[in-house]
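Let me begin by presenting the structure, written as structure tokens, before commenting on it.
So that you can tell them apart, the chains are marked A, B, C and D in the order they are listed, and the count of residues begins at 1 in each.
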Amino acid sequence: MTNTAAMLGEYPGSIALDRTLLARVIEEALVCFQTCTACADACLGEGNVAGLTTCIRTCLDCATICAATVEVLSRHTGYDADVTRAQLQACIAACKAAGDECEHHAQMHQHCRICADTCRSCEQACRDLLAAMS
Amino acid sequence: MTNTAAMLGEYPGSIALDRTLLARVIEEALVCFQTCTACADACLGEGNVAGLTTCIRTCLDCATICAATVEVLSRHTGYDADVTRAQLQACIAACKAAGDECEHHAQMHQHCRICADTCRSCEQACRDLLAAMS
Amino acid sequence: MTNTAAMLGEYPGSIALDRTLLARVIEEALVCFQTCTACADACLGEGNVAGLTTCIRTCLDCATICAATVEVLSRHTGYDADVTRAQLQACIAACKAAGDECEHHAQMHQHCRICADTCRSCEQACRDLLAAMS
Amino acid sequence: MTNTAAMLGEYPGSIALDRTLLARVIEEALVCFQTCTACADACLGEGNVAGLTTCIRTCLDCATICAATVEVLSRHTGYDADVTRAQLQACIAACKAAGDECEHHAQMHQHCRICADTCRSCEQACRDLLAAMS
């Protein structure tokens, strides 16, 4: 459905990262950006919103950072390994925080269950690419 | 692959928009955000970059505006039809500009062909939702 | 404090818009992006958060759209008047919605008072530039 | 001109970070977001754009990451030190890369001179806050 792999295939220069692991990070971060945005809003619409404020905040941060990850990882011109590495680490921290927090509400709210799973999956994709860079 | 429809299904309140058309806008804008980011970078990596500067700029704007569309359209709490309508119109203008510009380079660069098609498709999804709102 | 006017002065090509009005939009949108982000978070930290959910949402949308406005208006290469105009209209709608909503809470929460004033000011800057484009 | 300090003063809960250092990071990142966006576009408008592609890319990444820093650092509800720390480190890496690259073109292009100084200043503000967190 996405064009991630096709666009990587059309990049005119060389790409410094493993394309399979890279494509997975971009796609996971893209989905996590939308899912965390929607989960923060769903939490805001719940009757027990006062008990979900930490969840809303960690989801907003995770959405912001995942969108930044999509942008940084989709660029290959003038590649800088330090920026890529630091952005992956920020994404790992944000996905871990949101995944842990959504986990606490997963039995009560199905949107938190979906969001927790998505954050875990995005975190793992970032860890795998980071490990392959070392 | 995305969670768009599942997350719409878990929103605790009512949603003011047609869910099928809405889910399509969110998914198209998500893909268009990534594709335009990648196309701007691929253009930057081409030998004839000097002939692609307008294409780079319209793709960057389209990526920015599509990401904003994903966020605004993924929120339903405190819905405001005027903001939704104006954001859809901004997205239509950005997708039209990037689609037209990428079209000019589609025979020479396959990334521009993919990007042009994606922009057209996102533009149409926005037009369809906007029409259904009136 | 910002570099907006200095950077406009160093742009190598011609700029299609009135530089004074343009600089004002960029600076207002920059401040409004930060202020709305902070106001949404301050509302989230209030004891009466359940009464502020619409305010949080309109502030989040306004922050998103103001950041996009900063980006689109800071670019002059490959200028497209239709995209600029549509982005200004989206920014006007978002600032009006957030300004109106924060206004309702301005007597109770000083952050909403500051945010309402900032949104009004950004909205007016966008209207002035849009009027000068016609 | 900005509301950063005033909004920090109105946050209803406690703030885990030194307010002076925090306000400086937010303001520097805000200015750096706009300056890097404008510098990437000015480079795109230069006759020697083919020699500036790495500069354009590092400026785009720095703009993206600085905007994310503004958002993450402007939120205090549900504070997570790990996310804050990782985002500051990503911002340091992005500002260092863009500062170094713009430095190379500072004698030829005044926009790169301004941008290099802004990136250095933002990088230092992030380093100071990070040091105070340890």
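Heads up, the rule we're going with is that contacts are C-beta pairs under 8 Å (C-beta built on N, C-alpha and C of every residue); 3 or more make two chains touch, one makes a residue touch a chain.
It should be emphasised that the depicted structure is a prediction, and the values quoted were computed from it without experimental measurement.
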Report summary line: Outermost chain relative to subunit D, judged by CA means, is B
Query raised in the report: Do the two copies subunit B and subunit C share over half of their interface residue numbers, or under half; same or different?
Result: same
Query raised in the report: More C-beta pairs touching across which pair, A-D or B-D?
Result: A-D
Report summary line: When centres are defined as mean Cα positions, the distance from subunit B to subunit D in whole Å is 27
Report summary line: Cα centre of subunit A to Cα centre of subunit D, whole Å, reads 21
Query raised in the report: If you look at subunit B, which of its residues touch at least two other chains?
Result: 41, 44-45, 53, 56-57, 60, 67, 71, 75, 77
Query raised in the report: What does subunit A use to touch subunit B in their complex?
Result: 1-4, 6-8, 10-13, 26-27, 30-31, 33-35, 37-39, 41-42, 44-47, 63, 67, 70-71, 74-77, 109-111, 114, 118
Report task. Would you tell me which residues of subunit D are touching subunit A in their complex? Result -> 53-58, 60-61, 64-65, 67-68, 71-72, 75, 77-78, 80, 82-83, 85-87, 89-90, 92-94, 96-97, 101
Query raised in the report: Which residues of subunit D touch subunit B in the complex?
Result: 41, 44-45, 49-50, 53, 56-57, 60
